[in-house]
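Take a look at the structure set out below.
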Amino acid sequence: MNTKVNIAGVILNNPVMTASGTFGSGEEYSQFVNLSQLGAVVTKGVSIVPWEGNPTPRIAETYGGMINAIGLQNPGIDLFIERDIPFLTQFDSKIVVNVCGKTMEDYCEVVEKLSDMPVDLLEMNVSCPNVKEGGIAFGQNPNALEKITKEVKKFARQPIIMKLSPNVTDIAEMAKAATAGGADALSLINTLTGMKIDINRKSFAVANKTGGLSGPAIKPVAVRMVYEAANAVDIPIIGMGGIVNAEDALEFIMAGASAVAVGTGNFINPYATLNVLKGIEEYMEKNHIEDINEIIGCVR
Amino acid sequence: MEQKFREKAVIIRQEEIATGIFSMWLKTEKIAKAARAGQFIAVYCNDGSRLLPRPISICEIDKDDDAVRIVYRVAGKGTDEISFMRTSMQLDVMGPLGNGFPIKEKKALLIGGGIGIPPLLQLAKDLKCETQIAAGYKEQLFLNEEFKKVGNLYIATEDGEHGTEGNVMDAVKRNDLDAEIIYACGPTPMLKAVKEYAKEKNIEAWLSLEEKMACGIGACLSCVCKSKHKDAHTNVNNKRVCKEGPVFRAEEVELS
Amino acid sequence: MNTKVNIAGVILNNPVMTASGTFGSGEEYSQFVNLSQLGAVVTKGVSIVPWEGNPTPRIAETYGGMINAIGLQNPGIDLFIERDIPFLTQFDSKIVVNVCGKTMEDYCEVVEKLSDMPVDLLEMNVSCPNVKEGGIAFGQNPNALEKITKEVKKFARQPIIMKLSPNVTDIAEMAKAATAGGADALSLINTLTGMKIDINRKSFAVANKTGGLSGPAIKPVAVRMVYEAANAVDIPIIGMGGIVNAEDALEFIMAGASAVAVGTGNFINPYATLNVLKGIEEYMEKNHIEDINEIIGCVR
Amino acid sequence: MEQKFREKAVIIRQEEIATGIFSMWLKTEKIAKAARAGQFIAVYCNDGSRLLPRPISICEIDKDDDAVRIVYRVAGKGTDEISFMRTSMQLDVMGPLGNGFPIKEKKALLIGGGIGIPPLLQLAKDLKCETQIAAGYKEQLFLNEEFKKVGNLYIATEDGEHGTEGNVMDAVKRNDLDAEIIYACGPTPMLKAVKEYAKEKNIEAWLSLEEKMACGIGACLSCVCKSKHKDAHTNVNNKRVCKEGPVFRAEEVELS
């Protein structure tokens, strides 16, 4: 049985990845999960300088999901390179570094600093709804998206994944723009912008007012967008949004994702990534699927 | 790194010890063995519409019987769901989480407010020196008999029906409680008062904080508090309540 | 205690309405709910001629929600006028007719036919994701939205509610466009476009491939959009999306909705509308709120 | 319009009568009194992640005891959840829904396939003329002893271990079953075969259909089937399985 998948020339042992921001740089979850068993670990977004993130409360539970407005707190690229990359290189899984920034230059500088590092793929978060500048501004306008992709590509030695925002009218258009800019792969979806109001305190449940909605609640939107993107462009797609078990993951794969990422699912069960992987293998066995690549995008 | 476990715990028994306050003993495979006073567990709901675990402090640990006790208040839908569970039912839990209270050989004052009182019980049992406990209740008392067995208990209630009338700091001041170390758990205004009191009196103080959590193990950065020093982890003045906490040196954290 | 609210000059006894398409024309649910107790009944979308709708399966359950692709099956405006309006005029609740069409002319003709009818408000569904022509095409482009609003207004004797699609990059822009076109009120949100794949049959769970996601899962997106729309325009807003109980409804009201509609909630509990109303009254009493209008948009 | 009710039913008892097939008696306040053979109830899950009710046919009605019986197969997460419920637990249900079978004084043939067999039990009990029942099972039998008491039972199993080898139509043909009226419930391919058989033999036939449902009462238009005549309700060639059905005259519906 083959579970290897190819993301822009990088061969993952299996299609199961972690979703940026939900898994740190892997250390905490490594108590539960042998990271070597994962297709790839995707790190929390890292920027050129340390970011403090947003005030608390940063999260709120919602029906079948959660809202977060962490605001991309991170130690900055230097400490990250010094500490997190050496940690991750101990494992067999591929390493994907998620990059965030306020300006185009921010992204390019981080990408440049990472270009000599033992990192397999770079994922550009141009879709974070929780920071004022940058982030989502690039992810909601096709021209801006194409431009930043082109710019980042100039500095990158690793293949570039552009992470798309679902908060757009036409995801296919965005997928095409990123592809036109030279993206090597796409990942989607980031969170849907949402809000929760605490009716007793008559105020917002997260301090940032709005936050990003994630978890099983958003899965149907995510599957639809992966399907639309996969049918619009030819580069590989990493699907995510509400994946908790293997059935969820297989929906994304059949819709056209070459790999999948587990995000909020980790909070529900620290073993979620491994459960997803095991379930995919069981499904393949039961249905006599020799190669996972047979079913990528099989539903049309 | 200390071990954390995710298990299916079995409910040994559950009872309502005051209106809306429940005490539950859970049989665990590994958590009880590893647990310390001041740590907490993450309790998952069975209802699929509620995904995130509820952080609940460990109130008592029975290492012989591999059991932990939690005491919680029904605050919303998740704790409401859990309050309906009965003996021999199973509950997904993860733990032990967080750092716990540092056990020091000093004359101690434990200050608890409301649902912040329970985590002090195991602490009081573990302390070796003179132990004074100040507990502030709204109205109804709970765990008071158990605290009496492990230290000198001073009570405050809002209406003054039991102990000092007022809040727990009124009881501390009224009884002029002196100590070399303070451990406190309770609502933020109480913690602020404790911090100030400790500073004034120049007493070492440790505070147990609360914040909304998602992962419970330090990965998601949901639960940070403002800290005096840069956090080694993220290089900014934030610390993770679930990982570097929930117990912090009073001077180390900004309470807001 | 006052629960009366004003939607474009029409006074509803209370802010609780039904969401179009989930309540028929009220007849079926009238076994459970005394329609006179509702602020308004909003009918299923009606077009100039009968529509057959989509093939089955038309719905699929999702985590905390559902996908539907009914495809606006309806008897056409003539039978509707003959049968459904006389039924509804028996009750004290206000009557809102939801209108759908394939072309601008379709909408205008239906609106014209309704102009002499004992109907209080007209709601234009320019946001249905489940029909090929018309519908959402008007709802995803601000210019098209402004234009159709203007056009419809020419034929309307009743105030016009424009029902907005959440499948857009910028809901505030859409709210402004409808307002510029002369809309008297807005309702939002319609469903989010979603997809579910049946991994065992390797096919789409609803025959139409995509469908509209509704129910509690989408509530955070809906509240956020109501908040953004309410802060962008001055006309009244009817909020909906995942309302099942009074707390849900109050979130929308505090975010800026003058009235709320219960949709998928009816399927979960046929008494949902009445439960919402009762819960709102209880909340008001407990919190000493004399007039519901005090808390409309109170969270900013 | 006939009355429908939403109630909290109490589980009288539940048992697994074949692998993955459960029989449950529910005590209702009003539903049993109003119910007829061939109608169904909507069963709501307790887990909040599953919102829509599950339509399940009524298998038996005990008017004296205000109870209805359902027999269901564990097909997914909702039925799985319900299969774990025990005596005296409560279940939200709505019903009775749909039209039910027309009771006629004619020599009847009841044809059931798999989980389509149970709704024929109350029908067989209600019919006053000669009643033959053809039941097609995959492997394991269920309810067969009960059917024997209310009519002549002909069985088919896929492996032929019991009755005719093959499907239920093989049993019908093998035993050359004749009738003035046919009532059928089962998978669509079976219903198609029944429709054809009835047309050939010129027998009046009634089929019970299935479709995915949301409201269950005719308001949402989820559950339509293609019909020969225009539906009075929506003026197109669609009928609502939950309202005009689930039982239709065979000629009236297109099976796809």
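Note that the chains are named A, B, C and D in the order they appear, and that numbering of residues resets to 1 at the start of each chain.
In this text, a contact is a pair of C-beta atoms (placed from the backbone, for glycine too) under 8 Å apart; a residue touches a chain by one contact, two chains touch by 3 or more.
The chain list, named the UniProt way, goes like this: A, C = Dihydroorotate dehydrogenase; B, D = Dihydroorotate dehydrogenase B (NAD(+)), electron transfer subunit.
Nothing here was measured: the structure is a model prediction, and the numbers come from that model.
Comparing chain pairs B-C and C-D by the number of C-beta pairs in contact, the larger count belongs to C-D. A straight line joining the Cα centres of chain A and chain D is 46 Å long. Between chain A and chain B, the centres computed from C-alpha atoms are 35 Å apart. Within chain A, contacts with two or more other chains are made by residues 63-65, 216.
Looking at chain D, one finds that residues 48-50 touch two or more other chains. If touching chains are joined by edges, the resulting network of the protein chains shown connects every chain directly with every other. Listed in rising order, the residues of chain B touching chain C in the complex are 48-49. Only residues 63-64, 216 of chain C touch chain B when the two sit together in their complex.
The part of chain B that touches chain A in the complex is made up of residues 1, 3-4, 6, 44, 48-53, 92, 94, 211-225, 233-238, 243.
Taken together, the chain C residues at the contact with chain A in this complex read 62-65, 67, 140, 167-170, 192-197, 199, 202-204, 210, 213, 216-221, 223-224, 227, 242, 247, 250-251, 254-255, 283, 295, 298-299. Partner chain B is touched in their complex by these residues of chain D: 46-50.
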